[in-house]
Amino acid sequence: MWLGRGGRRADAPKPRAHGLPKNRLETLIDGVFAIAMTILVLELRAPATLGPEGLGGDLVGLWSRFATFFISFIVLGVYWFANHQVFHFVLRVNRTLVWLNVLFLMGIALIPFAASLMGTYPQDPIALSLYGAVLGLLAALGYVIWWYLTGDRGLIEPGLDPELVHKVRVWLAIGPVITPVAIAVSFVNTTVALLIYLVLPMVFIFFNPVSRYLERLRETEP
Amino acid sequence: MWLGRGGRRADAPKPRAHGLPKNRLETLIDGVFAIAMTILVLELRAPATLGPEGLGGDLVGLWSRFATFFISFIVLGVYWFANHQVFHFVLRVNRTLVWLNVLFLMGIALIPFAASLMGTYPQDPIALSLYGAVLGLLAALGYVIWWYLTGDRGLIEPGLDPELVHKVRVWLAIGPVITPVAIAVSFVNTTVALLIYLVLPMVFIFFNPVSRYLERLRETEP
Amino acid sequence: MWLGRGGRRADAPKPRAHGLPKNRLETLIDGVFAIAMTILVLELRAPATLGPEGLGGDLVGLWSRFATFFISFIVLGVYWFANHQVFHFVLRVNRTLVWLNVLFLMGIALIPFAASLMGTYPQDPIALSLYGAVLGLLAALGYVIWWYLTGDRGLIEPGLDPELVHKVRVWLAIGPVITPVAIAVSFVNTTVALLIYLVLPMVFIFFNPVSRYLERLRETEP
Amino acid sequence: MWLGRGGRRADAPKPRAHGLPKNRLETLIDGVFAIAMTILVLELRAPATLGPEGLGGDLVGLWSRFATFFISFIVLGVYWFANHQVFHFVLRVNRTLVWLNVLFLMGIALIPFAASLMGTYPQDPIALSLYGAVLGLLAALGYVIWWYLTGDRGLIEPGLDPELVHKVRVWLAIGPVITPVAIAVSFVNTTVALLIYLVLPMVFIFFNPVSRYLERLRETEP
């Protein structure tokens, strides 16, 4: 028995206090994502004075910041959508789940900083490694959250397809496996590392087991 | 069958997992809009030292930033309201719809940057073109989103008036048609281009087919 | 008939499309208020280097910024709570109501800028007048919104106590009447004007007719 | 009788206007927390020029800012979760409760400033005291809010376990008791004071009476 957004109803016999609803955690998560996404743009600044090639030339000189903005926005979109899909199956939250998510949000809040480093020093392996480290830790934390949720704790819908549970686990393992590779590569060739950061979210987007699962369910529904 | 905010109810026989509700995407969208609107003000800064004409003179010197703030706030309001009206008919979201909206939000997040450029270099055709390009791409994306939604994908209310579908399509085509004109004009006369950016949202506001449709429905309702 | 947050229910015979729910406008409003409140703090900055009196002395030197932060936070709280109370009676929104609120939010977004000016130039009548002007325009817009809402447009709960309607109108007129006085005073004595900005929200808080009305209703309820 | 998110239902006989729902206050609170958490990262900035030890050395030099970011994020998480748990029992809000929470949010909005001071001047007792003062005042305000809520005002679920009410009161008293100690210590040894700020939230997290209460209720539920 769980309480969704607005789940406690006026005509319910008595409020059920034992089980925190998920709606406020979702609102906090959506807020942090929305802000992290939007303050990425603060790295893109109008040049204070124009160079010899005019505004156009100055903007071209900001290419690494634009690339970082684009990659980071998509990355945040990927993490947000994965969180949205995972929380779709959540029935209630508890203390451990809240704190795992606060740690997750801490990583999300660090992305604009890591993006700023990478946009300013796109050839520096340390900047690229740090970006990869934040991405990898977030993905690992996402894996832990899914593992915790799908344990026998009454936090998630009973009867969730075990195959889906397994597939999501594999899916969430992509990040922790690939990002160490990208970090190692960044010390050899920063451009290739940047390309990995660009391709990784695309992979994540196209192999989305939850979307496939929900679509298949819809098709078989009477 | 769809699930709105709080749609899953405590007394429902079993949770329906096949179809992501729209509420969290709406919260993310509202968050990005609210932040983009509010950080526009960060371009308006108290002058660090006062010029010979005092604070009043310094503020008058910021006229182009005030104009850009005003235009951009209205533009964001227009896009927000159009999104609100379109999502009013949405029943559930899927992967493609989420990613179209993440791209849309990326454009929304760029508006404060484009506004900053235009407010700093109000006579530079490149600054004005870039502003117009962001507006035009957003409008084109809005058109694509509406086209995707109204296809036979079960994402939108069945039985939506086909005439409304068509009218909204025409309405959303205003932006992609007019902004290239404004971009071309900006290379001839920046003031005229600025005026187009000012008038365009007004046109959009007054020819709102969704408002008319909803009002007419209300009148004919028993 | 109106649709609140989660108002459209899974078992409703068919979705009612004619009448936009108020929830997304509320989310946008809450977002803009939350951001405006929080970015007020960006005016309070750690001094880059310490003066001869140490950090304590430097912080005391920021007194006008702290005062402005405090006043502006309370002012935003006042406007937010008034908006919350007014929207409590709203059944649905329409185009005009949305645009009145977008204008209102534009004024809200300007408060951090006006506060920054006043905190930096606390003795400058122009800075204090501009602050008062933003407050006064917001209050006047709040008055207009209430007037529009309570007209015969089906936007508000039918059968709302006419005495409450009148009392709220008088209450919302406090701002537009007092702020011109404060603006005039600011050219004579900036400290007195600042005090008016401090006292005005207090007056607004204590003479809150909606709170009284709701409390009285509760007492007479069976 | 209270109205949750979406509590007013389409089929309810008539809207109940006497009692403000808590949902909008929750949205405002979640928004301010999300923003305060995320703008903490603005203190972490990419160095404008690299020192002799390269980017790695420069980042190590930012250790106090990273420590402050980490501590402040956890602290905000603690206050957010405590607020979430307390509001779980709230049935409706009134004027006093709203204004107590606006004051609370003012303190939350000050945390990024206090964190910035502490991150910039980690050896300065005044910076550490101010951080402790903000934390202590917030905790004291949390205590007052709980005291106000649990009084006989019809704001909270009737029949809430008096033992829980008492335990939460003790729990919320940890902050106001410990932070003056930390402030005093900061004038003797800033590192120890910093450690107290690090340990305090951990204590708060592990002795969470609401989580225990809700878990026990779940176990005894049929």
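So that you can tell them apart, the chains are marked A, B, C and D in the order they are listed, and the count of residues begins at 1 in each.
Convention: a contact is a pair of C-beta atoms (placed from the backbone, for glycine too) under 8 Å apart; a residue touches a chain by one contact, two chains touch by 3 or more.
Just so it is clear, the model here is predicted, and its values are computed rather than measured.
Novice: Rounded to the nearest 5 degrees, what is the angle of the rotation relating the C-alpha atoms of chain C to those of chain D?
Specialist: Copies differ by a rotation of 90 degrees.
Novice: Would the interface of chain B with chain C count as same or different, where same needs over half of all numbers used to appear in both copies?
Specialist: Chain B vs chain C: different; shared/all numbers falls short of half.
Novice: What whole-number Å value describes the gap between the mean CA coordinates of chain A and chain D?
Specialist: For chain A versus chain D, the centre distance works out to 24 Å.
Novice: Between chain B and chain D, what is the separation of their C-alpha centroids in Å?
Specialist: It comes to 34 Å between the two C-alpha centres.
Novice: Chain A: which residues touch two or more other chains?
Specialist: 5-9, 27, 30-31, 34-35, 39, 42
Novice: Can you name the residues of chain B that touch chain C in the complex?
Specialist: 1-9, 12, 26-27, 30-31, 33-35, 37-42, 44-46, 50, 54-56, 59, 70, 73-74, 77, 80-81, 84-85, 87-89, 157, 160, 205, 208, 211, 213-215, 217-218, 221
Novice: Can you check the complex and tell me which residues of chain C touch chain B?
Specialist: Contacts found on chain C: 5-10, 15, 17-21, 23-25, 27-28, 30-32, 34-36, 39, 42, 94-95, 98-99, 102, 105-106, 109-110, 112-113, 116-117, 119-121, 124, 126-127, 130, 154.
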